[in-house]
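Report on the following structure.
We just call them A, B, C and D in the order they show up, numbering each chain from 1.
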Amino acid sequence: MSLQKSCIVAGTGPGNGAALARAFSKEGFHIVLLARSSDFIQSLASELGNATAITCDLSDEASIAQAAKRIESECPPVEVLIFNAGGASTFRPGTLLNVSPSDLLKTIAARTTGPLSLSQHILPGMVTRKKGSIFFTGATASTRGSKNFALLAIPSFSTKALAESMAREFMPKGIHVSHIVLDGSLESECAREWKPNAGPDDFMQPKDVAASYVMLHNQPRSTWTFELVLRPSVEEW
Amino acid sequence: MSLQKSCIVAGTGPGNGAALARAFSKEGFHIVLLARSSDFIQSLASELGNATAITCDLSDEASIAQAAKRIESECPPVEVLIFNAGGASTFRPGTLLNVSPSDLLKTIAARTTGPLSLSQHILPGMVTRKKGSIFFTGATASTRGSKNFALLAIPSFSTKALAESMAREFMPKGIHVSHIVLDGSLESECAREWKPNAGPDDFMQPKDVAASYVMLHNQPRSTWTFELVLRPSVEEW
Amino acid sequence: MSLQKSCIVAGTGPGNGAALARAFSKEGFHIVLLARSSDFIQSLASELGNATAITCDLSDEASIAQAAKRIESECPPVEVLIFNAGGASTFRPGTLLNVSPSDLLKTIAARTTGPLSLSQHILPGMVTRKKGSIFFTGATASTRGSKNFALLAIPSFSTKALAESMAREFMPKGIHVSHIVLDGSLESECAREWKPNAGPDDFMQPKDVAASYVMLHNQPRSTWTFELVLRPSVEEW
Amino acid sequence: MSLQKSCIVAGTGPGNGAALARAFSKEGFHIVLLARSSDFIQSLASELGNATAITCDLSDEASIAQAAKRIESECPPVEVLIFNAGGASTFRPGTLLNVSPSDLLKTIAARTTGPLSLSQHILPGMVTRKKGSIFFTGATASTRGSKNFALLAIPSFSTKALAESMAREFMPKGIHVSHIVLDGSLESECAREWKPNAGPDDFMQPKDVAASYVMLHNQPRSTWTFELVLRPSVEEW
């Protein structure tokens, strides 16, 4: 079967990224999986069937250019582009005095200038076809610079700035740009270890999160949402 | 046919209110239409079939108490309560010096203390059944006090404060509270007269707006949205 | 001695209101004290010397009109108008289900439509003289509708909407409108009883708060601030 | 005369930077001027007298480390640290498609990771002395990602995230961290060329802006302001 449209999931881990890939696969998209290491995305691509796994470092422009070239030559036109590089799962809180400026800059690159670069490859085609969605995954730290969270907040704020600038320029050209703020913890083995007393209502289910991205892609253009905040019913905010 | 659940649309005019009523009717709800004058809601109730039209002035506690009593005795349990009293359609911009404080207070009552009062009748049942949604329609003026828009902004800010306070108290009890911000013009005859050069992309379609409320009601509780901003793709913001 | 300019402090209690009166008195203003009961403002007026105490209920338009008339005939032109009616000191948190809609509406009137009404008396003279400041005291609840704080948040949001609308209309006409957000507890006997373990850094000093209002009134018009948030250094936010 | 305290102005051009240097010099501070090129800061240091000019590239950690070393050995203890690297004056609006990812990353480094690095050198001494202020100059683009402004918005958002994270961690330790948002144009030859029809009220005066930083440094710790927005009275917002 040859599918007519691709969905790129940039930053695909076993949690949200995999759920997004499965959800858009069910909607009939060819899935392009991008991640720095190949093992997980290779096996996920096999599971999905219509899928291409490409190792790509979003903090490296040359790596992005190479990935973009492969996507253009091997995959159907890109209709959905998702930047899911969160890094929230490996983040540990700590004083600003111990944040390494060069590590921080690398994270910012992977969350901001890398996504900008990949978007510059993909956007022109979307504009020509007058159809497409670009989605950025954000977090609580996207709008709040909390104590001990600088390493998460600074890249998240800059991702939001990129998403907003892109939305204001490209929504009138028919491209739906959204910033999805996950204001809570995604269910995962790791999350349950951190919160051993958490109940079933305390976590966001990756499949529910992924369904929200599909919903956004299907919003009629008379009622588009730029920023969508999702949180568990019991979350304090 | 006897339906098992009601949806109240408080503030039902021919635009958004009617679209909401039709959308939830298709989802199998008995519809309760509340408005200050009876003509439109009577004819809409006839069109819908499973529906009850009740004249009610949301700025008057006694009128609300009476409506609540009728709903309790005549209708299935309320699962969705929508406050759609916008007033945006009849609003005209003007200097703060000409805003009548008593008119303004009456509008605030209809948008804030009235909805609070009706919610106090409905919420306990929802909490007992651990199921229900309360939705408030907002506007651009909900987050921005623009020049010449005080008469719209002040009630809209207070509606938002009510919605937020309610969400933080009742979401953990299983009631989904949302504030839907319509950041653009709804298509209507009146809107087209105001913007004679507008194209088809310039307006929000009431049926698309209504579909968003249905989507919110169906969100799984692991990923609830409190504030949903909707705007046409070409809207400047 | 006859002073050339008045400062109205509407909502004068022994805390912030008295500190504001004393601060502007030192700056050479005739002080007009407005409050619902006369005892405290009478004695404060005696202490200050150049001051007029007027009992006035800000939730009652007739009472406001009478006060405005007295001010116009007895006092120097109004250069500063401060709405300090907080009510935060008597507020007690509680469920939305127990908030009385009519009490809430009265509070909204005192915080929003009353200040609008008094401003409508004062603004035209300020605009003619191209000089004046109107200041609104807000709180944490001005931008956040917290659980159990609806009775504080709803009037505070509407005050903010009034202030913003007024600022956007009248700042270009030379009137400085500001919304001062007190994001912490003012030192007072009552506050120390509530927080018996609080240290000296935990409270805002009324005289420091008042100095900020004087600073705002003296800002050159090339660099005006609309919203000024003040909080103790150790406050969490 | 030997002064007892230093004020660093990082990013010193002839506009806001020079005004800040002059204002804190008058307050009795030894001034440390940092900029990428030496000509202007050398001549400004001569004018001020008690001042040290150091060429420093804030996007380069080694350059920062060298500057920090010189400051520590040659200058009085740092009490005020100002990051004024705006870049707004040379910014030109343009489509996101033409923004160079590597140029953008360099700007982010100069606005975020560089200031973090210099702060890591300065903060420990401030904390030990329990005294100090760190100020970040922001712009309209700090809270709004406008169409064609990505190159300004993305670094500005990340600066704000750094400032907020730093404020929440270090204010309770006695260090006043502020983010000053200049929501308008600073008067300059260049600005007048851009807006030839602008009147005297349309621009912010650098000396007024600088006075606001001095005011912030002098705020008593019972009433600290984190974010201070300044705009001309006639500015639309």
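Keep in mind that, in the parts below, a contact is a pair of C-beta atoms (placed from the backbone, for glycine too) under 8 Å apart; a residue touches a chain by one contact, two chains touch by 3 or more.
Just so it is clear, the structure is predicted and the values come from calculations on it, not from any experiment.
Participant: Chains touching subunit C and subunit D alike, please list them.
Facilitator: Under the touch definition, subunit C and subunit D have no mutual neighbours whatsoever.
Participant: On a CA-centroid basis, which chain has its centre farthest from subunit D's?
Facilitator: Ranked by distance of C-alpha centres from subunit D, the top chain is B.
Participant: Could you tell me the distance, in whole angstrom, between the mean C-alpha positions of subunit B and subunit C?
Facilitator: 33
Participant: What is the distance in Å between the mean C-alpha positions of subunit A and subunit C?
Facilitator: Using C-alpha averages as centres, the distance is 46 Å.
Participant: At least two other chains touched by the same residue of subunit C: list those residues.
Facilitator: Touching at least two other chains: 168.
Participant: Can you tell me, using the touch rule above, whether these chains form a line, ring, star, complete graph or other shape?
Facilitator: Topology of touching chains reads as a ring, each chain with two neighbours.
Participant: Tell me, which pairs of chains are in touch?
Facilitator: Result of the pairwise touch check is A-B, A-D, B-C, C-D.
Participant: Subunit C touches which residues of subunit D in the complex?
Facilitator: Counting only subunit D, the residues touching subunit C are 168, 171-172, 174, 176, 187, 201, 203-205, 208-209, 211-212, 215, 219-234, 236-237.
Participant: Where on subunit D does subunit A make contact in their complex?
Facilitator: Listed in rising order, the residues of subunit D that touch subunit A are 61, 95-97, 99, 101-102, 104-105, 108-109, 112-114, 116-117, 119-120, 123-124, 144-150, 153-158, 160-170.
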